[in-house]
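Common to both upcoming complexes is chain A, partnered first by chain B, then by chain C.
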Partner chain A sequence: MNSLSVAKLTFRELLKEKSFLGLLGAEVFLLFISKLISSVVAGDTVKVAMDFALAFFFFTVALYSIFASVGSTFRDVSDKVVYLILSKPLKRSDYVLGKFLGCTGAVALFTFLSFFLVTSGILIISGTANLYTPHVVIVERIFLLSLLIFLMGVFLSAFGILFALLFTSQVLALLSTLFLFLSGLELSPVREIVVSSKYASPVNKLIVQVAYYFFPNFSLFDIKDYVVHLTIKIAPFYFFAVSLYAAIYISAVLLVATYLFDRREL
Partner chain B sequence: MKRLFAAFLLLLFSVPFMVEADRIKPRVKEVMPVLPYSYSQVLLSSPGFRSPAADLLFINLCYLTGSDVFNRRKERKFTEEEWRRLIENVEVIEKLDPYYFDPLYYLGAYVPWKVGRKRELLLKINSILLNGTRRIKDWRLPFFIGFNYFYFLNDRVKGAKYLKMASQMKGAPSYLKLLVPRLYAESGKIDLAIAVTYEELKREKDESVRRELKRRLRALLFIKELDRAVRIYRKRFGKCPSALQDLVNSGIIRTIPADPYGGKFYIDKKRCVVWTTSNLRPVKRPTSSR
Partner chain C sequence: MGVLVLKNIEKSFKKSSLFGLKKETKKVLKGISFEIFEEIFGFIGPNGAGKTTTIKIILDFVRPDSGKVSIFGRSNRDVSVRSRLGFLPERPYIYGSITGKEYLNFCADVYGIPYYERRKKFAELLELVNLTGVEEQPISSYSKGMVQRLLFASTLLNDPDLLILDEPMSGLDPLGRNVIASVMRDLKEKGKSVFYSSHIIQDVERLSDRVAVIVDGEIKLLDSIANIVQRFLKGYVITVRKIGSSNLEIFKVGVSELWPRLEKLRSEGYEILSVEPDRLSLEEILVSYVEKSRRVS
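Coming up: the complex of A and B.
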């Protein structure tokens, strides 16, 4: 048995989960909500529908990644499945890696299906909208956003596994990952506000700056504005830099997870 | 099954009580307030939902102004403070979603007509619109700024400056190119008007617009020439000529040129400058000289 076998097991188990189909169903429901909200706005209704649909897409993938990674890892430990797996000739670090790869596969499939749903929804909304100046939708841009959202999902899965191995309560692990995600999203705005504020003390500014450099920055994966406003341009290097950042940070998180799991008494 | 039926009956039985209680429940009739939103608070309370938050604020804005537009019977009129908040809320929306055009369109096309020529508010509107022009390349934004300066603030020079900016942007209607020199000319900046017209002539490819620009240029050059003659007359006689014919009688010019627009040149005695009865617009029948 190796990490690939654990990955396959995790992947299959995650596809059978209710949360997989449940969140995809929620995605469809939220698309309807986006359409409804857009119908009450004056002007470019497609822009508003896209804003909401893409924000919901972003959050649904994030929630799925957190639920899948924390839930799957925690269940293995609490249901004692981990004993069964580790009784085979398999290192603990291989188990963690396998878990991570399995979650990555499930997140990839979930993101792809969400991308398909959201893109179809947006194209239908755009096609049926009665606008004086049509809002052009570029599917390639939605695809690029989906790639970054997938990377963010993988990033969150790594943290989910780490927290599931670290804490003895599933709720605590879930909340910690969620809190980390929201904090990572707020990092750039908080820095923007605090650094430019006349009232923030130098110590607070320093704390925010340090947090900005070392806390996971999830707002990097949020390029929804680039999808909605076609005048915004992004350098191709941006995608390379973000992918590299995610790869390095994920490796570090997995190293910590394997270190902790090696020392954990089961 | 019996229990389910009983439960259903109980549910039905509860409905009239709920309806009656809801009817007599005390309600406060309130006018929806125009709340001031803070950029930092909205930003921090909507992680990942920055653009949707901007959309919701704009919906709120439209709803509030919609009540002002359609709810005539109630005659809700916003106070100056409420207009200030509305304008500042558009600024918050633009910070949240800097490429969102519709709130700026609302701000430029609707709000100036409602704020009652309040200089401070109009300048605030213009500054928000100007910020928008840095990101959104739409001719309507500088057009609104120029229009506000020209129409509400009576500043023709600044108005012409922004209308010129608008006229050079993609999609701008061709009449803007003719409007700009006229605004400059009306404000007494004939040289500037001539320069702008020359500049446009160099750039313009459309033959019909070029024809109009050439006609405008001819008229402006005549005005400039007559203005120069008026200055010489004033220097020589120490007073403003009473009519253009005085310039001919004194030998400064040979004839009074005909206005290419079909009007007649005359002397505006208040400012002692030359202008035309056509106002630089084509007239079907020449009007009598003043």
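Coming up: the complex of A and C.
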């Protein structure tokens, strides 16, 4: 119950932060950019606009999750808000869980609003496009992508909290989470290249394999192609498997964060 | 048994120097022990003496190298003891984006105070710290003193049996200081305990039942204000006036000379107007301990 109190406080704090509305504003701006870019290319302009808009959606939620979780948690420790919170009948694990739930709530709302903005934008672009063969937009697919983006945001929040509690520099915590996100996006293609390469040594192949299984794989949450190319199909089990993967990984990250925070001197 | 008991608390911090290659250990608390009962207990010392570290250890923010802390007879690591405790840190800060009421609601949530009790309780506390009417405004619009008073009010929400305050008076105007002082006295009247550190020695002297002086991580003096006054009494200052004259005369006498001197003055036709103890102030006592400690080191 006590972690819910921390979650409520964190959620309220994050919603009133300038970054929340600022990044949503950026989302609208990027939709215009997507429309602009699509208007200068030949072919299916809606497809190009969707490609860009969904990529911006993906990265904006990722950035918001990283900034919100690292910023909020790091501020708590550096500005000594944790003294006020932990002097109350709360365990440190309640605090970590509460912080995570609060960030999850904020990421959920941010993703939902982004979904609304992006879907409206795409529908407007598609409705006003002058195409010989109209591009069909399936909102349900955008919604499924949003769910996975939300999961990725929650995943990143867990890492953001871990790094914010682990490091004594906010910049380091931010960069580490960002690095983890970018490497998690690129690990899958890198692995494919290295493993199938004739020139990579067995040691290098092993290192890449270990890194692939150790680091979180954020490319699993990126199903933009499924939304844009209607011929691509994804089995329902995929969503279940990705959710399970995220749930297990997030639990492990939160356990590590709690373990470290419990031993940290404040 | 005391409400708060510290037994042989030792704590050292590692300090990196030479780009982190060489690590030095600095002992900041050297076997601190004291016990607090239902009283107002002042904890004074110069900067870096170990006051805040002691408070952090009491609240389990920092773990001691050795020694034990118990609150209400239980370990300080037992989270349940904190439901009977209130704490205000030094230079407290809370998110500027939330309102005062939202913060009070958070505290009430943690303490499990039902919603129907909150309105009355919030109103009482806000009135106590002169913040009525601003609770719906974001904390960023509050002055530093207002934030401190709001957070002080929040420490009273659970009707604590032990209040721990780290420099509660610093950054407050005389009005704010007076509010905190009167709440501390009220709590003591109700049989509760207040443990606080302060730089403002006059406040400590006027408020505390007992005082501990910490210098370089060691308790140098621990006694009641009454005993300290007695212990550091140099003599008395007698103010007299010759009967029929308007000129005042002042005499300083030693402790043992008071009564014979008073008798003598009376027999010489003086009217005794006042007798005041001539003693070292708490500030002078603190300074003397600090200087003694520096000479030794």
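Methods note: the second predicted complex is superposed on the first by the 265 of 266 C-alpha atoms of A that agree within 3 Å, B and C clash if a C-alpha of one lies under 4 Å from a C-alpha of the other, contacts with A are read in each partner's own complex, and residues count from 1 in each chain.
FYI, contacts are C-beta pairs under 8 Å (C-beta built on N, C-alpha and C of every residue); 3 or more make two chains touch, one makes a residue touch a chain.
This is a predicted model, so every value here is computed, not measured.
**Q** Both complexes share chain A, so when I overlay them there, do chain B and chain C fit or clash?
**A** Because the two structures are overlaid on the shared chain, the partners are seen to fit without clashing.
**Q** Does the superposition put A:T231 against chain B (first), chain C (second), both, or neither?
**A** In the superposed model, A:T231 contacts chain B only, not chain C.
**Q** Once the shared chain is lined up, is A:N130 touching chain B (first), chain C (second), both, or neither of them?
**A** It touches nothing on chain B or chain C.
**Q** So, does A:I37 touch the first partner chain B, the second partner chain C, both, or neither?
**A** The answer is first: A:I37 touches chain B but not chain C.
**Q** Rounded to whole Å, what minimum CA distance do you find between chain B and chain C in the overlaid structures?
**A** 29
**Q** Could you list which residues of chain A make contact with chain B in one structure and with chain C in the other?
**A** On chain A, the chain B and chain C contacts do not overlap at all.
**Q** How about chain A: which of its residues touch chain B in the complex?
**A** So the residues of chain A in touch with chain B come to 37, 40-44, 47-48, 51-52, 55, 58-59, 182, 185-186, 189-190, 193, 219, 222, 224-225, 228-229, 231-232.
**Q** Would you pull the chain B residues touching chain A in the complex into a rising list?
**A** 40, 43-44, 47-52, 54-56, 58-59, 62, 97, 99-102, 105-106, 135-137
**Q** Please name which positions on chain C make contact with chain A in the complex.
**A** 56, 59-63, 79-80, 82-83, 85-87, 89, 91-95, 97-98, 102-103, 106-107, 109-112, 138, 151, 154, 164
**Q** Which of the residues in chain A come into contact with chain C in the complex?
**A** Going by the criterion above, the answer is residues 1-2, 4-6, 8-9, 12-13, 16-17, 75, 79-84, 86-91, 265-266.
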